[in-house]
Amino acid sequence: MKSDVLSTTKKDVSENKQRLLERYDIIRSFTEKLTETLETEDFVIQAVEETSPVKWHLAHTSWFFEAFVLKKGMPDYESLHPQYDYIFNSYYVQTSDPHCRDKRGNLSRPTVKQVFEFREFINDNMHKFIAGLDEESFREWEPVVEIGLNHEQQHQELLLTDLKFLLAQNPLYPIFLERTRDAAADPGPLSWVEFDEGIYEVGHPGGQFGYDNEFPEHKNYLYPFGISNRLVTNGEYLEFMNDGGYGEVKWWLDEGFSAVEREEWASPLYWIKRNGEWHHYTLNGVEKLDLNEPVTHISYYEADAYARWAGVRLPTEKEWEAASKKAELKGHFVESMNVHPAGIAKGVTAGDDLIQMFGDAWQWTQSAYSAYPGYKPFPGALGEYNGKFMVNQYVLRGGSCATPESHIRRSYRNFFHANARWQFSGIRLAKDLHES
Amino acid sequence: MKSDVLSTTKKDVSENKQRLLERYDIIRSFTEKLTETLETEDFVIQAVEETSPVKWHLAHTSWFFEAFVLKKGMPDYESLHPQYDYIFNSYYVQTSDPHCRDKRGNLSRPTVKQVFEFREFINDNMHKFIAGLDEESFREWEPVVEIGLNHEQQHQELLLTDLKFLLAQNPLYPIFLERTRDAAADPGPLSWVEFDEGIYEVGHPGGQFGYDNEFPEHKNYLYPFGISNRLVTNGEYLEFMNDGGYGEVKWWLDEGFSAVEREEWASPLYWIKRNGEWHHYTLNGVEKLDLNEPVTHISYYEADAYARWAGVRLPTEKEWEAASKKAELKGHFVESMNVHPAGIAKGVTAGDDLIQMFGDAWQWTQSAYSAYPGYKPFPGALGEYNGKFMVNQYVLRGGSCATPESHIRRSYRNFFHANARWQFSGIRLAKDLHES
Amino acid sequence: MKSDVLSTTKKDVSENKQRLLERYDIIRSFTEKLTETLETEDFVIQAVEETSPVKWHLAHTSWFFEAFVLKKGMPDYESLHPQYDYIFNSYYVQTSDPHCRDKRGNLSRPTVKQVFEFREFINDNMHKFIAGLDEESFREWEPVVEIGLNHEQQHQELLLTDLKFLLAQNPLYPIFLERTRDAAADPGPLSWVEFDEGIYEVGHPGGQFGYDNEFPEHKNYLYPFGISNRLVTNGEYLEFMNDGGYGEVKWWLDEGFSAVEREEWASPLYWIKRNGEWHHYTLNGVEKLDLNEPVTHISYYEADAYARWAGVRLPTEKEWEAASKKAELKGHFVESMNVHPAGIAKGVTAGDDLIQMFGDAWQWTQSAYSAYPGYKPFPGALGEYNGKFMVNQYVLRGGSCATPESHIRRSYRNFFHANARWQFSGIRLAKDLHES
Amino acid sequence: MKSDVLSTTKKDVSENKQRLLERYDIIRSFTEKLTETLETEDFVIQAVEETSPVKWHLAHTSWFFEAFVLKKGMPDYESLHPQYDYIFNSYYVQTSDPHCRDKRGNLSRPTVKQVFEFREFINDNMHKFIAGLDEESFREWEPVVEIGLNHEQQHQELLLTDLKFLLAQNPLYPIFLERTRDAAADPGPLSWVEFDEGIYEVGHPGGQFGYDNEFPEHKNYLYPFGISNRLVTNGEYLEFMNDGGYGEVKWWLDEGFSAVEREEWASPLYWIKRNGEWHHYTLNGVEKLDLNEPVTHISYYEADAYARWAGVRLPTEKEWEAASKKAELKGHFVESMNVHPAGIAKGVTAGDDLIQMFGDAWQWTQSAYSAYPGYKPFPGALGEYNGKFMVNQYVLRGGSCATPESHIRRSYRNFFHANARWQFSGIRLAKDLHES
């Protein structure tokens, strides 16, 4: 009997291993697919401190498996190069001394070819390592590998947004991937989906992977609120601009208006006026602005100012998550390789449903990124992943056209500084439904 | 009969006016009392952008009454000087163009004498104005005057903290006011006051003055938590320092550790080591550090790092306010003219009561400063007062030894950037009581 | 016989002492006279790093006598305050650790009154010290005192230019000293005074006081050159401006144009356009620009650009000094208390004489400040006075309306960075007379 | 007869064309040879603003011929790409709007391959253009081509020094070109070559190419001076370091010591201490420091401080040039592909001859970069080449191991800011021989 159980377990483990390895291969190779159209030169440059070179993303995601899995779990593991640990580390300061973040673009070596060799080397070792695990070890290491894969998916998105930022600096406006897209349909007037006062559960319900910052699921007392059925469009945002929005201090947070003046913001990032007409740089090259598409590449400050101008406000992350439970988890994600918000297809109308909750554009919430009640960081160096950034950043929800579909959840919390504009970040509105 | 009612009302109004004028005089003259020991030279300097010269505080608080009361409500009002409006404005950008904030210390004129004349001029006009109001007008203007008086009280505290910062830059370490204080008693070991899970009302209950940011009172779902019975002492903070706290990255928020390295922080602000012994600069001059006194002049980053090192966390502002309802609203405030946290008097023990909740030192909470559900700014230019700062700042509660006692409330929300250290800011701890 | 000689000598020494003490008193009291019209508040502020507070100038010039005379030569000398040495030192780093230069404005204490007491204390001690010197000691110490007095005179000029800079920041535009001046006469067209090719002696010929940087007198081979008979006027400079001079890159040194763009220069410092008419801030308050007055408060970059636009160039300091021997050493100096370039009196014409060579406005030369062949610094800490600044600064010659007449010489070398504008600095032109 | 002359002339022109084209091909192809060992990634990065990416150098030198020759002289010339003019321009602001200097490293496109295609395209057109010129046109265009070739040679040196700076940032310390070199011989004690007082001619004597800043040749009155027979060695510089040179303020110019403190300089650039022994990064990789080699990669500030410490001074550029006429124009240049100062070969002694005057290391002079008497810029946009930098830079003489031998002259004036360290810059000493 016992042996039966054992053999069954063995089968399960080897199936689980198989599933994990397949998932590993799919995710790891998708990262590489994203770089297929690039020239060697595109892999190298760090345009500003906030971004990283493409080849750094390729290597750093591999380093993660080396540092947190292979070096810890594989007794005879030897690094491909002793300096890679130093060069490809990021902020995991408990692990090793990081090469200064704003200097990542100063490294012409290892070459792109060597970085791909490093990836292959890690992949080979990861396969060997996982294949060799017994049941108990597998149970121990699977969650770490899972974090590594989620980490890789995060960097898939960053790789694309950093790349877009880099290419947009170039007066030649290089095209990443030529795609034909249909024009977005008119989404119709914005309407409000309403929610009652009461206690709402927010946070990851467990049962599948989630980051430490999504836990624990917990109760929140919410007041009656409305949330907009769809994202704000380029056309609507343009009305704010044409109404002098960037010059009118009353719409802005104090630090927001300082940013407007210091950075000379007068439109979303990547917008370009040519012969009096608004265009924007996309990974398809420079295109005429589609007024029906969701506005994107705006900062928290701009999202907040727009909402004030519109007489409403941004949702809290609690409201957003409560509302999201009414919306289907579908949308335009990176798998389509469009890497651009798609707008609404012809024939579809937004109507009374919550649409564009997932994919297309991350949605700024008015919630500062902070710990949930009872929050516990992942143990050890992995615990530095999220908690140490819980200050001066704002939560975005829903994923974007650069997010992998398999990576997003209702409870997923993205976070950036209030002045960040190089992500695919957009606006969903909210408003109070009670008298105060 | 009617006339009786009227006369009664008249009496009421004139009593109310009388009360307001008395309150006006008390608060306005207390501001001036704070500067009695100063030399003319002490009024002039702006040591860093965050602080303002003493004479600017004296003038700006007067300008407030000119801009929001006299210019709007007194038909024949004429300014003492047409440029004062420009010079003494701050961030109320709807009102007039502010003289750049970091240049306030470049103005040697108007002289201190002229600034006091300006104060007198405003006081005379305010008396005339209030005396001349009929019942209806009084009802309209009383709340604006009330805001002006609260604004003045806020600047009383800033005047002192800015002055302390200035004097501390001086190798001569000037004494503001010589006072004899008893040494603080040993407050005994820190213990925890516990609160159950449930819905707690937070926010201003109405009925007396409050800032717009304290409204509306609203329900919050809190999980079981403990809050420390007293403030963290200098002695306890020194243990953190002696344990290498400032050099250990794992205790720090990422931006906190950057601040430590950039600013070369190795102790709270104003601490000085002399011959191997810790001293600190106080408004009494340089004193040996009293280990039993509450630690103060620390940033949010330091408060957070200390809490992590201690294995617990900072309270949320909701928890703090919920707990505060169990504590008496008393403590060491500016009226004593000590302008230094007093510690615990001999014979008192902290025990199981919540002590030091008010006065002594502002207590950093882990809550980003943001709008309550249903928040509505004050109308017009006064509405710029609070809402426009609702980003990248953290809430402090409880008031300090530099706060007027009549100014503080349980619902009072102070807020500063996470790196601010020149306020009397200290630490109260909290911890979760539930399993997540 | 011998005794006769001795007695004669004694008489000489005591006469020399008397002369030195008189000179000491005249110069020291003139510094104080310059501050007679100031309010206490005007003494305190440092508007930008390059400038110092008035009270710092008053104290630092006294500190010089303490550090280089009294502490070294008076055996029983005791400082008035042990910290003054630290606070009022400047860059004489061999002497004691300086209080950081850009923080001089953070010191409200010692008060202005205490600083005047410090001056009196130093004066008393200097009188005692000099009175007590024997012949040999007098010969040793006289040159050091002489340096101290020249140092004081330099700071008289800086006190005024720093003060002007400070008051000009104030929207109230305070008046330093109300004076009535005649309008300047039309100086007539600019003409050229010509000099032949040959060897010219440049440098201090000895026999009276000079700074180390003026020595030794030495030969220079000069090519035939012309130098303008007078200074460039406001009116002529305005033509350059009206011709788009500030926007035309071809007139500018590369770093000059960067400064124009970075600092948004569009006119000389202190020029203000009111209702379409040019005014400028003077120590008399804001005045309408007098087109006949010499232009002043311009940087080396602007002087150089103007000269290029005019098709000529700035003189070298060798040319200037060679030419200066043809000019009378007279002009408008600080003793007049005008502290403003005076222009040409009515009835005078510039003609073929070199006028305005001294006083009115320092004249930028195209010569980088460097050592003469055979240069030897003063010995000891005094030698840090000049040599250590011999990099990245440009020589100005002739003195200004803020320079004491008794301080200036043909060989006198002033020097500032190419972007400095707060001195009374103007333009004299030169041109080549040979074919290259 | 006439026809004979003509035909002779024709022959001469075609010979001259031939000579020019050969020279063109040699210089242009040598630039490319310098990049043969590089990876594509090495061409792309701009490590700091002062440096440029390798591919920018390759393209910019080609752009020069396009902008100043082909676009002006070839009627039917069409650019390969309309944006290249904008992207590869530098500071020739009269020509077209430059792409901001500090952003050159943000351009991943055009690719390295495309840049080489651009070079070939320019070369083809230049060949066509020159081949098609008649005699008169050739006389007109030859000097412009000559400037273009000299410009290319300057960028050959910059390409190498910028590349060295880039590779040195990399913890992998990549090797540019592996070379075996003999250890330098002991050069023997430093001795002085003496020169008499008198008039010396300095500047380009004409007859061959020179930059505008070398003209006109002109007389200078020099005082008797000695100049060191050889360059200062690593070993000698190390004595200065070991004597605490970097910490002793008295050796330093005021701005020099500020740079030491701000930049935390404690050795020449590229020096690395490993296990207590000094190494330095070279284009051969990290090597143990050879004490007999000339010290290099030091700033003007360091050269000046070393000279002061040694009790002497740096030469003026006039002295250097006067002395150089006694030295042979030979040395270690870039043609050897060592790109490292070679030191003295075994068996050679420095002795009384002036050695190492050319090649090895540029020699800082104490002369600010300025115009010679009678200086005239090249006409038009080419005139922006040199004159506009004549402020706040210091002259270096003699060329280095990264300079082409055919590019250097006795009258050649290189110039950099006083804090520049990434050039091969070293020290030759001088001293006064007269009493002042």
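A, B, C and D label the chains in the order they appear, each numbered from 1.
Heads up, the rule we're going with is that contacts are C-beta pairs under 8 Å (C-beta built on N, C-alpha and C of every residue); 3 or more make two chains touch, one makes a residue touch a chain.
Given the structure is predicted, the values throughout are model-derived calculations rather than measurements.
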Third chains touching both subunit B and subunit A: none
Least hop count linking subunit B to subunit D through chains in contact: 2
Approximate Å spacing (C-alpha centroids) for the pair subunit A, subunit C: 61
Between subunit D and subunit A, distance of the C-alpha-averaged centres to the nearest whole Å: 48
Between subunit D and subunit C, distance of the C-alpha-averaged centres to the nearest whole Å: 39
Residues of subunit B touching subunit A in the complex: 91, 93-94, 199, 215-216, 218-223, 225, 249-250, 252-256, 300-301, 304, 313, 366-368, 370-371, 373-376, 384, 388-392, 394, 418, 432, 434-436
Touching residues (chain side subunit B, partner subunit C) in the complex: 39-45, 47, 55, 83, 86-87, 99, 103, 105-112, 166-167, 169-172, 174
